[in-house]
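Scrolling down, you'll hit the structures one after another.
Same chain, two partners: chain A is paired with chain B first, then with chain C.
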Partner chain A sequence: MIDSLRAHGWGPFHVHWSEWTGQLFAGLLRTLEYTAVGFAAAAVLGLVLALMRMSRLRLVRLPAAIYTELFKNIPLLVIVFVLYFGLPETKSVFGDWVVLGAFNAGALGLAIFYAAYLAETFRAALSSVHSGQREAAQALGIGRWSIFTHVVFPQALRLALPGTNTMLVDMLKSTSLLITITAGELMSVGQSVSSQTFEVMEVYLVLAAIYFAMCYPLSQALLWLERRVRAGAALSVRRRQRLRAARRLLAAAPGGGA
Partner chain B sequence: MTPVVAITDLVKSFDGRVVIDHVDLHVQPGTIVTIIGQSGGGKSTLLRCVNLLERPDRGTIEVAGEPVFAGTRVVCRDLTRLRQSVGMVFQRFNLFPHLTAVENVVLPQMKAAGVAAPQALDNAVRLLRRVHLTHRGLAFPDQMSGGEQQRVAIARALALQPKVLLFDEPTSALDPESTREVLQVMRELSDDGMTMLIVTHEVPFARRISDSVVFLDSGRIIEQGSAADVLDRPVQQRTRDFLKTFADDSPAGLEEAGR
Partner chain C sequence: MRPRMAALVAVGSVLLAGGCGSKDETAAPAAGTVAAGLDTIDKGVVKVAVEPYMPYTDVKDGKLVGLDAEILQEAAANLGLKVEFNVTDFKGMLGGVQSHRVDLTIGGVGWSRDRADKGLFTDPVYYSPPAMAVVGDKQYRTVDDLVGKTVGTVTGYVWEKPIKEIDGAQVKVYQDAATFFRDLGTGRLDVGFIDPLLVTYQAQQNPDTKFKLVYFTPPTDAQIAAKPDFKDFRQIQIAFYVAKEAPKLEKALDAEIDKMYQNGKLAAMITKWGGDPNAFCKPAPYLTSLRQGVDRPADWTPPTI
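This part shows the complex of A and B:
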């Protein structure tokens, strides 16, 4: 231990990080791209699956149930390998589009995998919205679409937010698995730095710090958002304006002003 | 005059159990009809058939002269319009918890009737004033007492200027103070000439406010007539028994007995 420290010198850093900042930054950006694209796709697919599972028609429910159970029980890495290494073998049958490239295969893999989990979260949230809510909206003559967008969805969102946020942070970390398909994200850059500098410990500790510096503020920000949404805060500009107008009118009305 | 609600020979069953058994009921404009009876006697189901929250098996329903249900089919062409002309107040209020009181009253105007936002807001403030809640306009449902929530729910039901208001046990989930607040608002509505169909266990209130009272038991109308006739001089033994249990052990009955 002492010998190795002596051989390396006593300073904390031995890698000349300034030489790598460009590559690290590019890797960081890639990681964020994977997360953003993967998560957006997973959220949309997850919502569609959740709605399908709540359908009255068995024919609609069943495929969604099969999807969810299938991809919840297969490791992410296996999905990614099938997409990246497996699919190109079927080129002669399906044509060139099955050769996805690292970014498409990686983002698609993340989306497919996380959609299964998000579907479960969304379904639980949607079915926890009290049936009296839908009924009251119906009794007011509000149409099906508006009932979903203005009554059920906002309430389900509140319930789904904690689970969804955990998934987002989890996905950000899972992008590091994509090193196995040379995805060019942060972990891949880290590996290339360590193999050229031989400072394995230092490189991966620095990577750990970078991941932490991304994930911790992200999860704190999401917790803050959860609290705001739970408190009923107006997130859209239009709603904020409407509430301001309401406050004015209520204050001006007789008996108001509190 | 055309009745606001006209129900003829209505039948509804759940899984073979008949809950509405050949019921006829007319509600004239500006009158208040109260339905009393045992829990599970079909009162709520009858109310929920009027705006088609429940789909009857057979019979005829007309709302404001427009056929809604005939024979075994829904004949209402525009469900949205029907529900705009029939306001409903629920036992458990069912306010939208993610919206403030004033937004609860704004939402149906904008999403069901297409009223523009500024107009909807004006109406909402006016309606909150009518239920004496201007000072609570920006509160969320979970910040309000049950009585306040139910009064917001009444304002919300009034938002689409319905021709009739349905009340489904509006005070059953409330403490005495809240009950008083809600009944006060309902009395004011009746003074304004609102047509109302009310399911309630508040017998003294029903006596004061109702133009006619219907006693429903096992899905059948056992007795109907003026409040005084049905509540004070019931002809049917079953009505007497029902009112007697009420006088014995309900808080409303106790209050009445103590006078």
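This part shows the complex of A and C:
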């Protein structure tokens, strides 16, 4: 038995993993690409939807509500399939541009799906900012857009971060579904290894370890970000400069003054 | 409480008895017959895993149909075995044999060294010429014509490895043949590698299909020496993949298959399903030595008509 193990490769592993590291790394990079693009798009879309849902006008609230309810209640796999395989069936009506490439369809699918969830998170966070803040800002004569960017948004960010962090890590794992549209990400490479070596347990355990090695540091980093934001760290360059200037002034004031 | 418990127990025991009883519908074969001597999971029954893959295998009206199915049914009838099938996908088929959930799997399963390590292969039931599916009248003849193109196949097929070796080719691997053909149709794929009779069958069913079968010139020995994985671009021997735990079944099937080459039944089946017996029933020269010493004795030659 030892001979057969040795003949097979590294120690307890039956698969010659050294042959596959190039492909695995390429798959890993693609996974990260999908996550980055998908999340950026989802966050922007989610914010827009959240703001739409909080509008006074029914005409603006309704489409956002429909979108959110629709895409929260459909599986991601279905969305991805429709975008990649379903849309080309309408080529004769809409033209050739509906034939999306694997990357575009995958990133778009992820963005559409997660925007619905992020919209809910953002809406909750935005509503949780005390309305007194907005009234006080209005009383000070600050314009509507500035109220949003300088008063409401920074406070809502703190409240939105935990939910958003969960969604980001979840999206990274959901990229594995894109195997069905030939996305060439990490899971596809894993399946390729498994189907050529017929080692199922080992390959998928290794894959699980790789996903864990990606997601755990990410979620810990996001937790660190949450703690920093709650402690009042400045998030924009200008704010950081202002805080630094303020600290300098306070230190310089005679007797450590008010 | 009492009457309800009694009712529950009664219903439970009836279901249990019903479940246990259904296996004995076919009487076990008599002790002296061929079927009783074979090492199938259930005596007298051969369990096969298939995937929907016309014209090789499929299930219609509860019966197995297709080229590989007919070959198996002919062999099983001669051996006195009843065929039981379950439907899965390609990876499930191979996995089922390797984990001995089924006795064998059929349906365009090509011989490869890796698969032979984990299971037994019968003698080849036919030989599959290298061919590609393209849309329209595009001409691809050799490996060099594929440089820089988008090439696809289905996960787990023998072509998955070699297409990754083509210079500059963009590789797309699909979960099943249906999505593979879908993308070939929309133009996301330039060319795809799949079992040749699939395209012939589609053309029979749908005369104005846009898919065409292009026969591929196998790579030269020099090209294979440079890129060893290109060896799978040559003619492939298709066989039945039998579980390692059933060597007697495999030997019995070998005898039946060899008979079919000799008595012309195989050529008739191949012709019926759209293949040319001269391409499908004659092994290429390189195949003669491929399995000698691996899973066949040194003096074995592949069967031919």
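Some points to look at:
Heads up, the rule we're going with is that the second predicted complex is superposed on the first by the 240 of 258 C-alpha atoms of A that agree within 3 Å, B and C clash if a C-alpha of one lies under 4 Å from a C-alpha of the other, contacts with A are read in each partner's own complex, and residues count from 1 in each chain.
Everything that follows uses one rule, which is that contacts are C-beta pairs under 8 Å (C-beta built on N, C-alpha and C of every residue); 3 or more make two chains touch, one makes a residue touch a chain.
Given the structure is predicted, the values throughout are model-derived calculations rather than measurements.
Judged by the touch definition given at the top, the superposed model places A:R228 against neither chain B nor chain C.
By the touch criterion defined above, A:G101 reaches chain C but does not reach chain B. Of the two partner chains, chain C is the only one that A:K91 touches; chain B does not reach it. After overlaying the two complexes on the shared chain, residue contacts for A:Q191 are found with chain C alone; chain B is out of touch.
Touching more residues of chain A than its counterpart among chain B and chain C is B. Once the two complexes are overlaid on the shared chain, A:T182 sits against chain C while remaining clear of chain B.
After overlaying the two complexes on the shared chain, residue contacts for A:L140 are found with chain B alone; chain C is out of touch. Legend: residue contacts after superposition of the two complexes on their common chain; A:L243 is shown touching chain B, with no touch to chain C. Remark: chain B residues 51, 53, 79-84, 86-88, 90, 92, 94-100, 102-103, 106-108, 111-113, 117-118, 121-122, 124-126, 128-129, 132, 134-138, 140, 156-157, 159-160 touch chain A in the complex. Residues 91, 94-95, 98, 114-115, 117-118, 152, 155-156, 160-161, 171-175, 179, 182-183, 186-188 of chain C are the ones that touch chain A when the two sit in their complex.
Looking at the complex, you find that chain A touches chain B at residues 130, 132-133, 135-143, 146, 150-151, 154-155, 158, 232, 242-243, 245-247, 249-250, 253-258. Put simply, chain A touches chain C in their complex at residues 85, 88, 91, 99, 101-102, 179-180, 182, 184, 188, 191-192, 195-198, 200.
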